[in-house]
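Chain IDs A, B, C, D, E and F follow the sequence of writing; residue 1 opens each chain.
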Amino acid sequence: MNPERYAKGAERLKQMKNTSTIGSRLRDVSPDLDGYIKEYAFGDIHSRPGLSARDREMVIISALATLGFAQEELRSHINMGLNAGLSRQEILEVFIQLSVYAGFPAAVNATFVAKEIFAERDAQGIDV
Amino acid sequence: MNPERYAKGAERLKQMKNTSTIGSRLRDVSPDLDGYIKEYAFGDIHSRPGLSARDREMVIISALATLGFAQEELRSHINMGLNAGLSRQEILEVFIQLSVYAGFPAAVNATFVAKEIFAERDAQGIDV
Amino acid sequence: MNPERYAKGAERLKQMKNTSTIGSRLRDVSPDLDGYIKEYAFGDIHSRPGLSARDREMVIISALATLGFAQEELRSHINMGLNAGLSRQEILEVFIQLSVYAGFPAAVNATFVAKEIFAERDAQGIDV
Amino acid sequence: MNPERYAKGAERLKQMKNTSTIGSRLRDVSPDLDGYIKEYAFGDIHSRPGLSARDREMVIISALATLGFAQEELRSHINMGLNAGLSRQEILEVFIQLSVYAGFPAAVNATFVAKEIFAERDAQGIDV
Amino acid sequence: MNPERYAKGAERLKQMKNTSTIGSRLRDVSPDLDGYIKEYAFGDIHSRPGLSARDREMVIISALATLGFAQEELRSHINMGLNAGLSRQEILEVFIQLSVYAGFPAAVNATFVAKEIFAERDAQGIDV
Amino acid sequence: MNPERYAKGAERLKQMKNTSTIGSRLRDVSPDLDGYIKEYAFGDIHSRPGLSARDREMVIISALATLGFAQEELRSHINMGLNAGLSRQEILEVFIQLSVYAGFPAAVNATFVAKEIFAERDAQGIDV
């Protein structure tokens, strides 16, 4: 692996105030897949200047809600989206908009994930 | 159908400078489906205040690229996204970001649709 | 929102003897998404005369089983399908037919949802 | 392969007045895949008594429209659905219903396939 | 159903040292769907000579990870793949390779299923 | 971009005797996406030692056929798979196996792509 790109990705996740345990749970079974997430997904791509972190999270949340099967990743990116400046209302609005393109079940299921995240953040006293 | 909501949706499409022929080609075979696109998709949803038109198009483009099979709709929304203030570079950046979540084939195929739209707009002297 | 279309959708859900809690759980986080389900999905569309309620549920169950990720919605529509006149055998037959087009995993997973619904209805003394 | 099941499937396709060339184009490259379509898809499954041919086609059309990428198969089954007693209006209604679950792009693209089939049948003087 | 093809499929599953309970749980609700899995999926197809059992499982695991929604089937086929000669490292490598085509969420979720299987096999003293 | 990883990916594509024009057509619209395909998809991942090139292509072909919408990428990887030692019969067998998991339409459409590739290679006097 490439320590510099890995460190850049890990730093980006820290900036995004990532709290997901996906990375640590992945590391002991497939350290290289964890490595590529740090290096490629966050070091190379998420850190690019062409879109704001807030816009990137809007794009990612839209893709994950459309895929439909990636609920843990959606959970992680709703948190990062809120940390990056998306409001709760904007995230709910994304799912209302997606009802048209990905269908209501995808929109509803994503909204239920958001509901859980909002409750968790409320319980932790995080007011965004 | 509901003439007021239909008119609101048609007006929204006009504001977005829609040039797609999906509506007119749909109208003579399934006028009601065309009607629901105007009423629900654009009259009710796309016209909502919670997100800017530019953000809505970013969400829609992300969903359509992820679905992978909706190339004509993607073509129409890349055009509307550019009309709503997304730059060409931002749209290409959306697809680079999606390579991580929807995979490279979805990202590449969406980029090829964008390439065609950019060429068409160049040929029409549209410089955004 | 539109109270008349909302009422029509809520009435349709009542006619279908809907027992799903999706609507109530959605209402406190995204009342507008719940609203569009009532207004558009059930008020505008499900209430249309062009297909019987039984046929609509057959179509919906086929779509949900094919999507593969919408198990809670599938659960709700298997119930409504049975309430609308589909027999248990017909629902199982739909999934056998879908093995050809959506693949065996989609067919099997949908059958397991049906199995749970049938057991719940048995426990409640509902004999269809 | 199994000649009896193959013959049963071929007979079923004939009863459905299948005009698709999928089988013949498949036969010279992968005769066994063509064989399994005859044997399993049509000999074993489509011929089962549990659902009418009309209902089976409604299920299949719903699945294919939801998959989104199977336009040639959709074309073939819209034809068989019409031959089995589904009306043109019912097929268009299926796609209106699917806008809710599979999203508008899937519904619109399926409707365009139906439009082509209706035109072809008109040109051939087939009035259903 | 066809007792000979059923027996052949059941025998194949036994050779693969299948431990999944999908079949037995399916049998009491939809014995015919269980029958087609034995007859078609394992009797006709998995038993064909054209690819080794190890290669078939690599193909199946790739398809299931890409679908994203078929985690129980993936669990069953990771076990059969290991029984057929795929190493744990090869299975993890398949998911690393899939990150490029199906996206990271599909790859990560499949890796988490593999992690569970590896732990179960360790607990049972199975060292492959 | 990273010249070393880019060169490694370009070299890998050359070893695989890639003839697809995806890269060159991508380069003038989104050079960075082309760059990540070279760097990440082929430089980092496809070049890893954990699986043979033949096995990687079998995995990729299975994923692309399952996605259903990635026909140009499938075309490119059927060619690379044949160059890496998969026989034509093995590729057709992969699609027969996938009929069970991804459904017949995905299997049939992939087989038609293979048929075109085989004809092109015959026309070019390539006998594998």
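Simple rule for what comes next: a contact is a pair of C-beta atoms (placed from the backbone, for glycine too) under 8 Å apart; a residue touches a chain by one contact, two chains touch by 3 or more.
The structure presented is a predicted model; accordingly, all values stated were derived computationally and were not measured.
Summarising the inter-chain layout, the chain whose CA centre lies farthest from the centre of chain F is C. The chain with its CA mean position farthest from that of chain E is B. A separation of 24 Å divides the Cα centre of chain C from that of chain D. Note on chain placement: the centre of chain C and the centre of chain F lie 40 Å apart, centres being C-alpha means. Chain centres here are Cα means. That of chain A falls 29 Å from that of chain F. Residue positions of chain F touching 2 or more other chains, listed in rising order: 36, 40-41, 45, 64, 67-70, 73, 92, 96, 99-106.
Chain contact summary for the complex, chain A toward chain D: residues 99-106. Of all residues in chain C, those touching chain D in their complex are 40-41, 45-46, 48, 50-51, 55-56, 58-60, 62-67, 70, 73, 89-90, 92-94, 96-102. Taken together, the chain A residues at the contact with chain C in this complex read 67-69, 92, 95-96, 99, 103-109, 111-112, 114-115, 118. For chain D in complex with chain E, the touching residues are 36, 39-40, 44-45. Here chain E touches chain C in the complex through residues 22, 25-26, 29-30, 32-33, 36-37, 41, 64, 67-70, 72-73, going by the rule given at the top.
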